[in-house]
Structures are given as structure tokens and as C-alpha cells.
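Written below as C-alpha cells is the structure these notes are about.
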Amino acid sequence: MENWNENKSTFWIFALPGTFWLVVFFMIPLAIIWALSFGEQVSLTKTEVTGTLEHYIRALGDPVYLKIIWKSIWMSALATFFCLLIAYPIAFLISFVRGRLKMILLAAVILPFWINLLIRTYALIAVFRSRGFVNFGLEWVYKTLAMDRLFGPFQPLELLYNNGAVILGLIYVFMPFMVLPLYASIERLDKSYLEASLDLGASQFKTFWRVSVPLTMPGIVSGIILVFIPMLGSFLIPDLLGGTNAQMIGNVIERQFKAANNYPFGAALSFLLMYATFAALALRAWHASRSKGNDV
Amino acid sequence: MALLSRTRLEPLEFSRRWWLRLYVGAIFLMLYLPIITLIAFSFNESKRNIVWRGFTTKWYWKAWNNDSLIDAFVNSITIAVISTAISTIIGVMLAVALWRFRFPFKSAYEGLAALPIVVPEICMGVAMLAFFSRVTGFPTDWIWPLNLSAITVAHIAFSFPFVTVIVRSRLSGFNMELAEASQDLGASEWQTFWNVIYPYMKPGIIAGALLAFTLSLDDFVVTFFTSGPDTLTFPVKVYSMVRFSVTPEVNAASTVLILITVVTTLFAMRFQSPDKIEPEN
Amino acid sequence: MSTPIISIREVTKSFGRLKAVDNVSLDVMTNEFFALLGPSGCGKTTLLRMIAGFSNPTSGQILIDGQDMVSITPDKRPVNMVFQSYAVFPHMNVMRNVGYGLEVTGVAKPDIKKRAEQALERVGLSDFTSRMPDQLSGGQRQRVALARALVKEPKVLLLDEPLSALDAKLREQMQMELAGLQADVGVTFVIVTHDQDEALSMADRIAVMRDGSVDQIASPGELYEYPKNRFVADFIGKVNLIEGEVTGQKGDKISITTEMLGKVAIPFGGDDRGEFNGNVCLAIRPEKINISKSGVSKNHPAGKDYIESEGKIVDWAYYGDCSHMIVASKNNQRFGVVIQNSRRDSVDALDIGDDVNLSWLAQDTLVLND
């Protein structure tokens, strides 16, 4: 690697376009939002940055918003937990499969990434709505068992537009994100550790908990953060699958910037989300540096 | 194949445990079933989406004749092509700079350059909204395609860091002795770059470009905040249709988008396998 | 073999506070096979990379064929290198790899083909011209790297640990081939290696390096039989070291007192190896020691001084052609002895636990400063 000042012109030619874009079209817009979060709305289209903290206080103090923040956090946490639970065995299996099948399975995990988030969410609506496949199937079972004669006609379940639907949607959409970091760390895990554990008399179950899980912890942490952060900031899933009371922070932010036209408050909420992101990234960096010594 | 042999299970042959296979199969089924039914019912005769009434392509014709949907589609493709071209160029250049040079605060800068990848989409979206509506021009009432420039600029902002990351990680596996050998044999730096380093980067560049393309084509949240009434993209248009009603026409439009991104992705995957280098001549 | 092709003059290379190469001066003569030998981190590779131009000396001067190489970039230097990883371009076939150096410097196409074919024939790869590198074995890839460098007709061929990536059998074969090739093409070779066998078997002269400086430059035989100091003696081959103190000097003999041997007189040539005072070290190679059961009469030829010692065999390792023994002396110093199994029953002559008598020619003993 060369020192930049040994070949300044080359360095600048290569580094400048990207840096320009990064600063002007990323850092400055974020800085504007950050400044706005300390501002006051003086007219419909004008905001003055006064250094006030009222929006942060409102966001964290007003029970209405505090409740939404808490709800966003626990729904994301719960969905993340289920993602981990579902994804680990998948990642485990893929790392033990060899050859062509492994490539196919990996591709099958990655492919949903590339299918539009909106379309995947829309696909769920078709499954869960009151005239959707789940209710259709349930109705068929209901009628086959002749229960309509006992309890009256089938009442379709309200599977959409509630917290449950949002959590299901989050799991459905983000689960593949969990598989990849887990797979990466299980794949790197030297399988002779597992054999050593079995050889020393541990059962498969104990080997899993005492060897596989601790040694793949970096992947687990990465996966949790990779999934939790976008869940926390998700907008589309609660917007389409949630009811009026199944909102998350993302929806509140959107409303402030669109319908309510209260930029400063929206900006404060956005930056709360940003701070959470930074904290999570710092946590991951800290965990990575701590486990560097015994990394596999 | 090991999967079909009937020998006794070995302790670490998890790929042959029936319960694990069953479980993974079930999860994949749940993952794909909604999408498969979505595609299937874009060919359904019935508007009531739920019962199969026979095969038809009429919803595709209906979507094809929906002018605003086609406009949105053309917008999306235009934005994706321009965004991909610019993202790839500046992304690759930055990757080369990061790979080749040491400079003060480098790791901080690298973290910064990766930030667009990790920042929540909604934050980026509202930041772009505030930036374009209150600070700079990029009006959306310019003539086509200049009215798309705000969206394109935003797309480049979140796409090129992905290109940088992919190309940079490809370059980190580069054996410096190859470049030294080239120089040792009499090649100038420029010759070395094009003869040795560029061919090595190429799979990464192609993978990065395809990723940038699908990211742009698929983006909803950031576009949602930067588009005006006349600059709808395909996903934003589909969103308004979904909010309005669930019709097979939406299924048809979605199927087309899935097809485009999946084909692009399959291309990308072909180039992403680490040590694959196309032989010349 | 008289004029220097490379002159290194007081070259120092610092990385921060660390001096990777510390004031090294040496000459490589035209057409010789020169080896830089030393443990890893001794600065040998840094020195080689400075000759090739990938690294610039912090101070000092490098001349190649009388020309100062400062500010001359690698692509303009009349030397070529065989890299440790071979650096065979993975996206070009064998022919294009070998022709690359001619192609980028504007040699005419038909010329490139002709010269590349010649070079490939020389390394025995004529039938592999259209293969891709991933279809070649490690040994074949190395031949491609060799042909690729030689086709440039360099004044000096630099080889950076060229055999380290090969398995033992192939390494031995390539050692012979490289030495043969060097004699054949008549190009000066400079090889960097940490493997003493490699250096001893191939090189005309060897520079032994340690911590950035050169300890000794000599032919393989001289290095082995007349190492200049303890490090060289210990690094090249196996050696038994006995601490001692100089008590006097009479004529061409030096008297040294040691705990193990008592007072001994060692003849020394009074050559350029300087004066010996105070604490010194006696060194004796294991194969130069005669071993026999205690009490068996020895018949040393007359007129030669022998040094003798008693001990007990404590360990034994059989290697087929020879056997290695560890003998413990009375003051419990361990002594390595190698005997040639020149007869089938050699093995049965001695056993662990036997009391033995060790003896060697006084003139085979080395006196070394630290």
C-alpha cells in the first residue's frame, strides 16, 4: 500500500468523485436533518434552527410517541428473535451440505433479497387478508368438519392490520438477512471442534450449545444487528400490514414529513433512529474487537 | 451422491438428518409460497384472486395499456441505467483508492463510506426530501429525463458504496506480486492497471454494477420521498395501486419486476463466486 | 567471475525505527549463483526487493552493471524476478504469460512468439503453451515464472524463496534444475532462501544475514568448515558448542580451558579470523567426532593431536544412512554425534546406556567469538 502523498494526483483522481458524492449527497442531507431536529417551524415551508430540544423531549416524553417507540423496539426484538431461531438451523444445514445442492440452497436464501420488498409484502397481504389463502384454507377445514352446522357460518379471522401481522411480515421479509452472517460463521467454524466435543463425551445437544453456539457468536451478533436495525426503521411493512394502531417509528416519521408537514419533529425522530443505529454498530465493533483473540 | 447413500448416519452428517431437512424444506416453502402464488394468480381469469378460474394473460395486457404504469416503468429503467453507470464508475474508483493508498483517518473514512449501506432507509429518504425540497434545486418539473435527476442522485448516493465494498473486497484478495511481476517485466503502472489489476477486478465490477442496478430498480422508500407527482417510479406506482386495491393487474406488474431483478441477480451470482476469472482469448 | 554485476554499498532500509537492512555492502559477481541466506525477518527479502526496485534504500547505493539504480523504476531495471508465489497471471495462458514482458515493451508479435517458445522449451514446457495457470502444477507454474523472467534476458535473475511452495521431493529436483539452468543460460542468479540445504547445494557464494546485516559471505564449503562466528556455525548445519576461556597462545596453537575438556590446545591458522581473548566458544561438527565404547583401544594415526572426552549415550535416532546420537558428558553437557552406517552391523555396535569415548582431531575444532 502506498502513502497518499507519494502520488497525490492519482490519489485525488480516484478518491474525489466518490468523496464528493458522499459529502454533498449524503453527509449534507443528513446534516440538514440533524440541524432541523433542533429547529422550529416558523411557517408552512420555513424552519429556523434555534437549538431547541423540544422535539427530542416531545418524542421521548409524550406518552403517545414513547409508546410507539417502545412498540417499535419490542416488535423488532421479537421478530429478530424469531428470525434467529428460524435461520440458525437453515444456516447450519447449508454449511454441512456439499456441492451443487449447497449452491442451490444458498441461492434460494439470497434470492428473496432481490425480490422487491414491496412485492414481498404485497404477496403476504394476499395470503393473510380475510379473503386470502389462510382463511380460505381454514374455511375449507371448517366446512369439511361440518362445524358450520354446529357453530354457524365460518367467520374469517382478522389476520391483517394488527401487530401480529406486522411481526409476521418483519420475520418473513428479514429472515434471509439473518441466514447469511450465520452461515458465514458456521462455515468458518472448524468442524473438528465439534468432533472433539463429541469425542470427549458431549452429546450432540451439548455440543451444539457449548461449542457451535459460542464459536459462531460473531455471526449471531452480526445477524441480530443486521436484522434489528432495518426492522426498527421499517416503514413499508407496518404501513401495508399494520392497522391504524400498528404503527412503528418509520410511519410517524413519514407522516411528519408528508401529511403533518412538521419537519423538525420528524427530523428528531429520524435522528433517534440514527443514534440507535450508531449504538448498534458500535456494539458490533466492540464485540468484534473483543472476540478477535478467539475468533475462528 | 452422499445424500442418497444408505450407510449409517455419521455424527456430523447433518445434511442427512431427516428432521433438519424437513424443517428447512418447510421454511423454504413458506418463504416462496406467497411469491409463487402471487405469480400464479397474475395468470388467473378471475378478478377475485383466490379461486383459480383458468389461464389468461389479460392482466398483462391491461398493465401494458396502463399508461401511467408504463411511464413509471420507463422512469425506473432510465433511473436504474444512469444510476448504475455513475455508481459503478465512482464506486470502482473509490475502491481502488482505498485499496491502494494509505492516508490519515483512513479507517474513519472507510466507515463513513459504508454508512449509506447501514443507515435506515427512512432516514436517508427524509434527508433527501429535506435536501431537495428546501435546499437545492433539482426541480421535478423539468423536462424528462432531467426531472428524474433528484431521484437518480439519491439512488447513486446509496448504490455506489455497495459497488465500493464489493470491488474493495475483491481487491483485498489480489496478490500484489502479480502487479509487481508485471512491473518487473517492463510494464508501466498504467499498463499494469489495465493488463493485470482490471481483469482481476472485473468480476467484482460486474457484480457491483448488477447490484447497483437492482438496488435502484427495487428502491421504494428513498424514491417515495424524492419523487414528485410526475416522476413516479415503478415501485412507487405499484405501491399506490396496492394501497388502492389488490388486483391481478398488480400481480402482473409485480411478476414483471420480479423477473427482471431475478434474471439480473442470477447474472450477478455467476460473477460473484470468488476465484472465478474469465480466461482471455 | 571477476567484475561485480551488482554492487550494494552501505545500504540501509528503515521502517520507522526498525532497520530491516542495516548498512549492508556486498558485490555479486557476473555469472555467479549468489544466495542470501538467513532466518525469516533477517532482511534478505527486503534487500532483494531493493535490487528489483520495489523498495527504495533509506540510505546507500545500489549499482547494477555499474549504473546507479536510484530513481529507476522496476520496469526499467535490467533485472527480473521469480516471485515467491510465482505471480503467474491467472487470466493469461502460459504463452501470454511468458510473452507479457515482451508485449508491454513493444516487441514485435512474431518475435515475441519465437522468443517465448524458446524460453518455454528451455524450461521443458513446450507442450503447455495454451494451458491456463490453474491447469498447471506448482512446479510447472514455477517453470512458467522462470521462463517469463528469462525471456527478458535480464542481467540478473532474482529468485525470492522460489522453492518454498514445493513439496520436498520436487524441491530437490528443482534445486538441481535451477543450478543446471543457471550454468546453461549464463545469467547471474540471486536467490533468497531460509533453507540452508537450498543455498549450500546451489550457490557459488552465500551471504548469511542476521538482523539486517551480513555476518559472512563465503562459498558453501568455507561457510560450513570455517564459519566466522557462533551464529553462522549454528545456523548452517548442526554443531556442538563448548564454552571456554582463552588462557594463552603459543605459536600457532591457542590454549583454551573448558569445564568439559579441561585444557586443550587448538591449532589455528592465524589467518584473518582475528585475535581470541577471554570467553570463546569451541565448536565441533557432529560428523567429525569418532565414537567408541570405553575401554576399546583406539588407534589414532600418529602425528595428529586428538581431543578426547568421556560420556554416556542417552538418546539415539536411526536415519538409515546415518544415526544420530546424543551423548551426555560427565558435567551433563549434551553432545550430538553422527555416525555413518557404513556397514549393516554398525547399528548393533552401540546402544543407549553405553559408556563411550569421544575423540576428534584438534584441527577440526573451531574457535569462535560470539
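When the chains are written out, they are named A, B and C in that same order, and each has its own residue count from 1.
Methods note: a contact is a pair of C-beta atoms (placed from the backbone, for glycine too) under 8 Å apart; a residue touches a chain by one contact, two chains touch by 3 or more.
Bear in mind that the values here come from a model prediction, so they are computed numbers and not experimental data.
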{"item": "Minimal step count in the chain contact network, subunit A to subunit C", "value": "2"}
{"item": "B-C against A-B, pair bridged by the larger set of C-beta contacts", "value": "A-B"}
{"item": "Chain whose average C-alpha position is farthest from subunit B's own", "value": "C"}
{"item": "Middle chain, criterion being Cα centroid separation", "value": "B"}
{"item": "Inter-centroid spacing, subunit C versus subunit A (mean Cα positions, whole Å)", "value": "60"}
{"item": "Chain centre separation (subunit B, subunit C; CA means) in Å", "value": "56"}
{"item": "Distance between chain centroids, defined by C-alpha means - subunit A, subunit B (Å)", "value": "18"}
{"item": "Where subunit A touches two or more other chains, by residue", "value": "none"}
{"item": "List of subunit B residues in touch with subunit A within their complex", "value": "1-3, 11-15, 20-21, 23-24, 27-28, 30-35, 37-38, 41, 48-50, 89-91, 93-94, 96-103, 112-113, 115-116, 118-124, 126-131, 134-135, 153-154, 156-158, 160-161, 164, 214, 218, 220-221, 225, 235, 238-239, 242-243, 246, 250, 254, 257-258, 261-262, 264-266, 269"}
{"item": "Sites on subunit C touched by subunit B in the complex", "value": "52-54, 73-77, 79-81, 83-85, 87, 89-93, 96, 100-101, 104-105, 132, 145, 148-149, 152"}
{"item": "Subunit B residues touching subunit C - in the complex, by the definition given at the top", "value": "175, 177-178, 180-188, 191, 195-196, 199-200, 277-281"}
{"item": "Interfacial residue positions of subunit A with respect to subunit B in the complex", "value": "1-5, 7, 11, 13-15, 17-19, 21-22, 25-30, 32-33, 36, 45, 47, 86, 89-90, 92-93, 96-99, 101, 105, 107-108, 110-112, 114-120, 122-127, 129, 131-133, 136, 172, 175-176, 191, 194-195, 198, 204, 229-230, 232-236, 240, 250, 253-254, 257, 263, 266-267, 270-271, 273-274, 277, 281"}
